[in-house]
């Protein structure tokens, strides 16, 4: 469920109201006045919360979930477990997004009138540079250094002795200790998520957080989107070079290295100790095993096994890549002598 | 002609003065005291304005133009229509740039002494966060939310209920309603344009604007350069992911999607509903038809037909790309078993 | 040696103390109380300073150096010249980094309580926009324009008539005259350098500067890391487009052009007049000769001769690249007609 430190719910809604708003049909026998408290992931849902089933691959997760309500397409409605009310609709993800937008009508951070909110907690020895802005109820750990024009959003938590550079924005985030964030980094803004609706593409409310563990370092002008409902997570001692993009719901393990200008699309899972070269692009929902290495500029569209080394566009085992480079060079008639160029 | 809300012209200049400054020759019979009021595009020029002809492909546009003066190379001077004075010179683009620099000697935005300029118009219910800076005569629509350290330049117009993130800079721009700009975005700075002159490369004054239509969303740390003379335009409901680069004079249609870290070089035209994948690079002056799809990491150097799907470096039809991938794999001796790698 | 305008040394240390901290062995006959004043490059070191030898390729540089102390692996200790004490250790780079961290325990810029430090020098006619922050002892040249929320760090020097955009951060840098820095640029933050230690990866203290010569222009949201010990240098009249990444210790010559989203990894050397296309990636320690051209999206992993034109991934001579493109197209059975796609 969305973290109440960041998201203010408009209040529960009856199943009948929800069905009306999103265009769903209640199951026979459900009390139309039954109250839906919140939107949630399968793992977090309580019997008062709603989830959605996008396709049958998530049926096992739904079976494990305690959710009391599930948006589902007609052909899968019969597969919804008995403890969960099937709210039948055409596009479950869109219905869920519309309910989320109704429950959380106003997500953008709000700012008071003073640069440092009176109810922000500033730890012992923390240094706040001129013109930094600290939002309501934010917690700044002991010994942190907050640079000029840094913006720490409402409710954000920073562990001890973090260094936050100038012109950084951090919202909707929980940050560990000794984290270094270089200037110009943007953390916690909306992920890039839309659903098709009869009225055209519609924004999916982004209700998750960014969790950054201890000893992480984030290079200048990186962007890290918050999760859509689950969290975007960066594991302990992972290092991001400059201008790296991390999409929503990405989970990165410990002690990884991501070189400059690499990009990780939404919902990827990256194991511990992975090395990702400069300008690498990773498609959404890819899983990379621990210790894998992705060479610079690779375009990765498939899962990578632990310890595997890949390269190319599309990325393939490094040896195969270089074998193909050599084969193509031979096919085309060998190398061009340098002196004929220019 | 440059929008007087943003650009302050030094005043008209005589044709003889202009010719002296840029090293052009006046046509026989032209009154040397004739006044040149401004620089302009072919489409916008009046009989008092000057344009330039870079090569003969623009002759039809010149024939349609009402321009009274045209910088032109000697070999094309005879092709200039009778209602337009041909100002002959070696490098018409450089001459035009030098005249523009003379007419607009000081382009950088100027800032007063108060963070919110007294003559800025702030709409009903608009929220201005601490430390935001609003320039002279800027107009902020009703219900807008302006984040901390956002900078709204002099003369900039924002429609109603826009959300502008922290650490955003917007200059030389006209923005529609319900536009969302995430933190760290830079909109309206100079495009990347230079001309060769006897004194070395010289900056071409950038005198256009950025026009962003309703319901656009711009991801964190994107950069959108203003037009050189015509405008950079982003159509209604188009969505940009993070770290996207849009060059000067680019025109993007409605409801397009540009995924993270893609880049569109100057003067490209992109139709409605185009999808551009992550880390795609598009060369300058390329035209992409409506509904086309450019796969992630593609390098696009040619026009794309409406509905066409391309991929690769250089980009080609998707099926052809994968046929080539398969052919090369076969040539090099098949796939490397994963277990031999690592 | 680190510039005292930016870095405050904790004081000299005895050879015995240093050896204890980093786990090195002093050579027989060295006075254990001998004082090590500082860390330095081979070129800058005095007899009171320490350097390190990572491998034998740097033996000639060490032979030329006046350094009095050198961290070195056991197998190369005998190659250290007589005027230099060989401090034997397992990982000389890590030992050097540990000593540097000891001598410079606190590198992050510090900020006073006023937005413009009382001891900053503001040149005649310089305009400081609202909310700009100028650090202690910074020098702003005559006629500079500093944008809103720009941050000029302690000790930074700007030449005359520079234009610094909004939301820019400049630290640890010496900037020439007439330099234009567009909004959102981050200059002078830590480079991306780590060493492996028994306690896991450890940050290498970054103790160099960024030197930007006259008439350089830097596009929006670029990132330029400062040197690790030597400087990152950008030569006169070089132009960077938006979102370009420059790693630590990179040296770029005069009048180069780097198009948007290109990235140059650490310690590259780029000659005068080089043109680097959009989204190019250049691996670390590559040397590019004067006048060379690197086509857009190339991945460059080797040196490039002066005037050479390369393209591709990995980059090769342009003609060879296109010959290979044609050969692969032929192998795969020719072009796919457009009408079968979409």
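For clarity, chains are labelled A, B and C in written order, and residue numbers in each chain start from 1.
By our rule, a residue touches a chain if its C-beta (ideal position, glycine included) is under 8 Å from a C-beta of that chain, and two chains touch if they have at least 3 such contacts.
Note that this is a predicted model, so its numbers are computed, not measured.
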Interface residue overlap between copies chain A and chain C, same or different (over half shared): different
Rotation, 0 to 180 degrees and nearest 5, that superposes chain B on copy chain C via CA atoms: 120
Rounded Å distance between chain A and chain C, as computed from the means of their C-alpha atoms: 31
Interface hub residues of chain C, defined as touching at least two other chains: 131, 149, 167, 184, 221, 243, 261, 279, 313, 328, 331
Contact footprint of chain C on chain B as seen in their complex: 108-115, 131, 133, 149, 151, 167-169, 171, 184, 186, 189-190, 192, 194, 200-201, 203, 221, 223, 225, 243, 245, 247, 261, 263, 265, 279, 281, 283, 299, 305, 307-309, 313-314, 316-320, 323-324, 326-328, 331
Complex contact set, residues of chain C against chain B: 127, 129-131, 145, 147-149, 163, 165-167, 180, 182-184, 217, 219-221, 237, 239, 241-243, 255, 257, 259-261, 278-279, 296-297, 312-313, 325, 328-329, 331-333, 335-336, 338, 340-342
